[in-house]
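What follows is a set of structures to go through.
What follows is a pair of complexes built around subunit A, which joins subunit B in one and subunit C in the other.
Then we have the complex of A and B:
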C-alpha cells in the first residue's frame, strides 16, 4: 500500500479547486460564448461575427472611447491628489501619520453602494445631479478609487531609502531636482501600481456611472451587463468581456505591471 | 607623557602632511552639539578642527556620535547648537548641495534607476562653472554655464579610471559586486572634485581581504587627490592604518585626538587604551613618587600623580617581559597560550588578576613564570572615581562576596521582576527557578554608602585605614583589606586615624549588582 505523504503543495488543493470551479470554468465558458453564435435553426456554431460586430459598431466603439476617457481622467485626478498627500505622509517625521493615513483609507471599509448613494445625495444637494453627468461620474470614480492610489504610493515612498535623497542632495541637487531626478523615478513602481488599481475598475464600474449620471452614461461594464441581462445575448456580452480583458492585459504590459523585478518585493504592488 | 588630556583639547601637532601648512584649518567645529527629537544626545559639545589635506578618522563604538558628526559636516543634520566653519566661513545652516563636500555612503546609495555612467555624472550634470567670454566690444564677461557633454564624458572616464572600473559605464548598479559598487560610490563623489571627501564606514560591507585592499587604495587615492578625507569607522586597526589623525569618540564626546602612534602609545584614558589595541587594564594606587601599586606590587613609572590617588594602569601586552619564575616582579601561572601568527598570546594568572602577554617566545600551560614591566611600559591615567567597583560572586546564602568580605544584598535586582522563594531560589519574572550560588557579578557601591566601624567584626569586611584625605567638607578614607589588598573608598564626616583596624558596613540596598558580562570579544 502506498503511504500517504503530506507535502506543502497539498495545502494549495482548496484554492486550486476554487480556482477551477470559479475562474477556469467560467473563463472557458466566456471564451466559448464569445466565439459562437446561434444559427437560424437554434443550433450553436463557431463564428467571429461578434468580434467583427464590436469593431464595426459606432455605438460600441464610442462606449469604449467614453470608458477610456473617463478612466484616464479619473486616474489622472487620483494621481494628482494622491501623490502630494502620500509624499507628505511618507516623508514627514510625524509620529501620528498612520492615523492620518487611516482617515484616507477608511472609506474603503464602508460599503461601496452606500458611499455612492450618499455621494449622489450630496451632488443632488449642490445641484450637480442630472446636469453634469460626466463630471459626476468622474467625481464618483475619484472618490471611490482614491485610497487605491494612495496606498501603493505611500508604501513606496515610505520605504524609499533616504540615503538616495541625501546622496542626490550631497551631489549638488536642490530640493526640486532631488524630487524630479530621484524621488519620483524611484516611486514609479508605486505610481504604476496605483494607476492600474484605479484605471481598470474605472473602465467598468457602472454602478458609479449609473447612479451619478441617472443612467445617462454607458461605460464598457454597463454594456456587458446590458448584453447579459437586458438583451439576453450572452455571445456579444462574452465577446466584450474578452475584448476588455485584452485591453487590461495590454495596459498592464505597457505599464510594466508584469515586469518581474525587485520593486514588487518592496511592497509597491498591492495585489 | 600620558597626563590627563581633557576631551576638548585640539589635536597635537602631528600628522600634518609636509606639503600642507600646519595651521590651515579646513573644517572647524565649535561647541557643536546634536540632540535628536527623542532627546538622545548624539554629539555633546565637541570642539575639533580638521587640517586641509589630512586624512582624519572618527573612531569609536557604535552610538558614539561619529556618524552624526560626519552628517553635520555633510549638512544632512543641522547642529542643535554650535558652529561649523569651512575655511573660516560659517556653513552651519548651509544645505548639503551648497557645500563643496561629497560623501561616500555606508551602503553606497547608488541610484538604482541609473546606470554607472549616469550615477557618476549626476553631480556633473547639475554643476555650473563660470566661463569667460569676450563680446563684440572686446569686453570680458563671465557666464555660469553647465558642463558640456564632452567634458562630462571625460571626467566620468577619468573617475572610473581612478577607481579601476574602466568600461563599466553602461552597466547597471545591480550587476555590480559590493566592492565594485563601493568603487562607483567613490568615483561618484570624487568626480565633483570636492574640497573634502566624507567616508561613512565605506568598507564595512566588504569581506576582510577586499577591505585590506581598499584600505591601501583609499590611502593611495588620498595621496594622489590631495584633498581632505574625513573617515568614520569603528575598526581601530583601519583607523590606525589609514589616518594622519585619529579622533576617538565615546558617548558623543571626544576622548582623544592625535596621531595613530600617539593614540596607541599614550592613550588619554582607560577607554581609549581599551578601545585601541589590546591592553591590560589594572586598578592601581599611587604609593609614592612615580611609584604605582597594582597586582600587590610597587612599580616605578614615568607619570606623576598625587599619593594615594586611585588610577587606571594600562600595560600593553607587548610591553610585558617574561622571566624565570623567581626573577620577575610578578609571578603567575600560564593559563592559556594562543599562537597569533607572529607572536604568542599568553595569559598568565597573577593572583586573581589575568595578565595578557604577547611574545615571540612560547610557554606551556601550567608553567609558573615571572613577569617584568619596565617603567615606560606603564601608562597611568586618572580615574574618574565616583564608585567602588568589585568583582564578586553570590554565595549560597544569597549574600555577595567581594572585597575580601561578605555582605547581605538584594539579589533580585539581577533579574528584573524576580523574587526569592522560601528555599532561597530566585524565581524570575517568567517563573524560571535559578540557583544563584557562585554566580559571578560586578558590584558597585557609592562612596557615601560605605560606613566604617571600630568594632571590626561588625563589618562585612575588615581592613586598615591606609589613607585619609580632607576634601573640604568631608574626609575621603581608604580602607585596605589584608588578604587581597582590596580597597574601600568612602566619604565620611568623621575623622579617623590612619592604620586603624575597622569593619566595613554597607546597607543591602546600596549594593548594586550586575551579572558579569562575557569578556569582550576582540
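Then we have the complex of A and C:
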C-alpha cells in the first residue's frame, strides 16, 4: 500500500474546492439564469428576452444612467477631497503622520449601516432628509467610501521618490509644473485604485441610497435586489447582475485597474 | 504660511465631515429625547433601555458570534489556502489566485444573489449554513491576501533546515511556517471580523428569516420607520462607535510602538 505523503501543496485543496463550490458555480448560475426564462408550461428555456427587455425598458435604462451618474459624481467628489488631503498628509514631513492618517480612515472599521444611519440623523437635523434625495445619496456615498479613496492615494504619495520632484525643480520646473508633470502622473496607481474602490460600490450599495433618500432612489444594486426580493424574477435580476459585471469590467479596463495589485483592497493591510 | 493654513483647514473640514454624525449620535445617546435635536437633559436612560432590551442584546450576540465564527473558519481555510497556493506550481496557483480575487472585486449584491441562487438550488437557502458560507466567501480571500506577503518574506531555508533536523512536514509547518506568517494570519483574522461585522448585503440574502445582525436590524428599523421609536439603537451605535475607535487606536498604536522598538 502506498503511504499517503503530506505535502504543503495539498493545503490548497480545501480552498480550491471552496472557491469552485461557492464562487465559480454560483457565478455560472447567474450566467445561466440571465439567459434563461420560464416557459408557459413551467419549464426553463434559453432566451435573450431578459437582455432585450433591459435595453428596451425606459425605466431600467434610466435607472442605469442615473446610477452611473451618481457613481461618477460621488467618485469625482471623493477624488477631489481625498487627493489634496492625502497629499497634505503624505508630504507633511510630520513624524506622526501615519497616526493622523489612521484618524481619517478610521470609519473603515465601523459598521457602515450604523454610520449611514448616523448621517441620516444629521441630514434630518439640518433639514435635508426627505427633500434632497439625490444630494443626500451622493453625500452618503462620499461619506461611506472616502476612506477607500484616501488610503491608496496616501500610500502612493507617501512612497513617491522626492528626488524626482527635486530634479524637476532643479531643471527649472515651477511648482505647478512639478505637480502636473511629475507628482500627479506618478500617483496614478493610487488614483486608479481609489476610483475602482469607490465607483463600483457607489453604483451598488443600496443601503446608502435607501437610508438617505427614504427609499425613493433606486440605484442599480437596488434594482437587482428588487428583482430577487420584490418582483421574484430571478432571471431578470441575474441579467442585470451580468450587465453590472460588464460595466465593472469595462471600468477596470478603461482605468487600467487590472494592472493594480489589490493589496490595498478594502485596506487589506490595515490591522 | 497660506499653504499651511489651507492644509490645516482642509484636514479640519474633512474631520468634521467624518466625525460630525458620529459625535451627534454619541452626544444624543445621553438624553431621553426620541428625536435628535431636542435635548431633554442628561440621562443614561437609553443605555438602561439598551441593556434591558433582550431583542437588541440577542442581536448583538448574534452579530459577534457570527463574526468570530466566520473569521475563525475563514482564517483556517485562507491560511491553508495561501500556504498551498504559495508552494503550488504556477499552473495551479495562478488560477486559484485569480478566482480568489472575484469576491474582492465583485459587487457585494452580485456575490449575494449568486449565493442565493446556489443555496436555493440545493435547498439550503436562508439557513445558518448559507449565512456562514456567505461570510466566509467575503472574508477568506482577504485572509489569503494578508498571509501571502508574509510567506514571500519567509526564509525558505528554515523550513528545509527543520526537515533536515528530523521534523516531519506537518511539524515543520506548525513550528516554522505558521509562526513566521503569524502576523499575517492575525491581521487576516482581524480583517475578517471587521468585514463580517460590517456586512449588510450578503447577510440579508443568506440569513435565516428570523435571524438578525445589527446591520439587518438597523436597516429594517429605518425601512419600517421604527428607527426613531427605538432610540435605544442610538445608544447601541454610540457604544459601538466608541468601542471600535478605542480598539483600532489601541491595536494600531501598540503595533506601531512594537515596530519602532524593533527597529
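Going forward, the second predicted complex is superposed on the first by the 250 of 271 C-alpha atoms of A that agree within 3 Å, B and C clash if a C-alpha of one lies under 4 Å from a C-alpha of the other, contacts with A are read in each partner's own complex, and residues count from 1 in each chain.
One rule holds in what follows: contacts are C-beta pairs under 8 Å (C-beta built on N, C-alpha and C of every residue); 3 or more make two chains touch, one makes a residue touch a chain.
This is a predicted model, so every value here is computed, not measured.
K.L.:
Once the structures are superposed on A, label A:168 by its partner contacts, choosing first (subunit B), second (subunit C), both or neither.
P.N.:
first
K.L.:
Who contacts more of subunit A, subunit B or subunit C?
P.N.:
C
K.L.:
Output check: A:186 vs subunit B and subunit C. Expected answer is one of first, second, both, neither. What do you get?
P.N.:
A:186: touches subunit B, not subunit C.
K.L.:
After lining up the shared chain so the two structures overlap, which partner does A:177 touch, if you call subunit B first and subunit C second: first, second, both or neither?
P.N.:
First partner only.
K.L.:
Is A:93 touching the first partner subunit B, the second partner subunit C, both, or neither of them?
P.N.:
The first partner, subunit B, only.
K.L.:
Overlap the subunit B and subunit C contact sets on subunit A and report the shared residues.
P.N.:
Touching subunit B in the first complex and subunit C in the second, residues 262 of subunit A appear in both lists.
K.L.:
What residues of subunit A sit close enough to touch subunit B in their complex?
P.N.:
That would be residues 93, 161, 163-164, 166-174, 177, 181-182, 185-186, 188, 262 of subunit A.
K.L.:
Quick check: in the complex, which residue numbers of subunit C touch subunit A?
P.N.:
Against subunit A, subunit C makes touches at 7, 10-11, 14-15, 17-18, 20-22, 24-25, 28, 36-37, 77-78, 80-81, 83-88, 92-93, 96, 99-111, 113-118, 121, 133, 136-137, 140, 142, 144-146, 149, 168-170, 173, 177, 186-187, 190-191, 194-195, 197-198, 200-201, 205, 214-215, 218-219, 222-223, 227, 233-234, 237, 240-241, 244-245, 247-249, 251-253, 256.
K.L.:
Which residues of subunit A touch subunit C once you look at their complex with the stated criterion?
P.N.:
6-16, 18-20, 22-27, 29-30, 33, 81, 84-85, 88-89, 92, 98-100, 102-104, 106-115, 117-122, 124-125, 143, 146, 200-201, 203-207, 210-211, 215, 221, 224-225, 228, 234, 237-238, 241, 244-245, 248, 252, 262-263, 265-271
K.L.:
Spell out the residues on subunit B that touch subunit A in their complex, using ranges where they run on.
P.N.:
37, 74-76, 95-97, 101-103, 105-107, 109-113, 122-123, 126-127, 174, 188-189, 192
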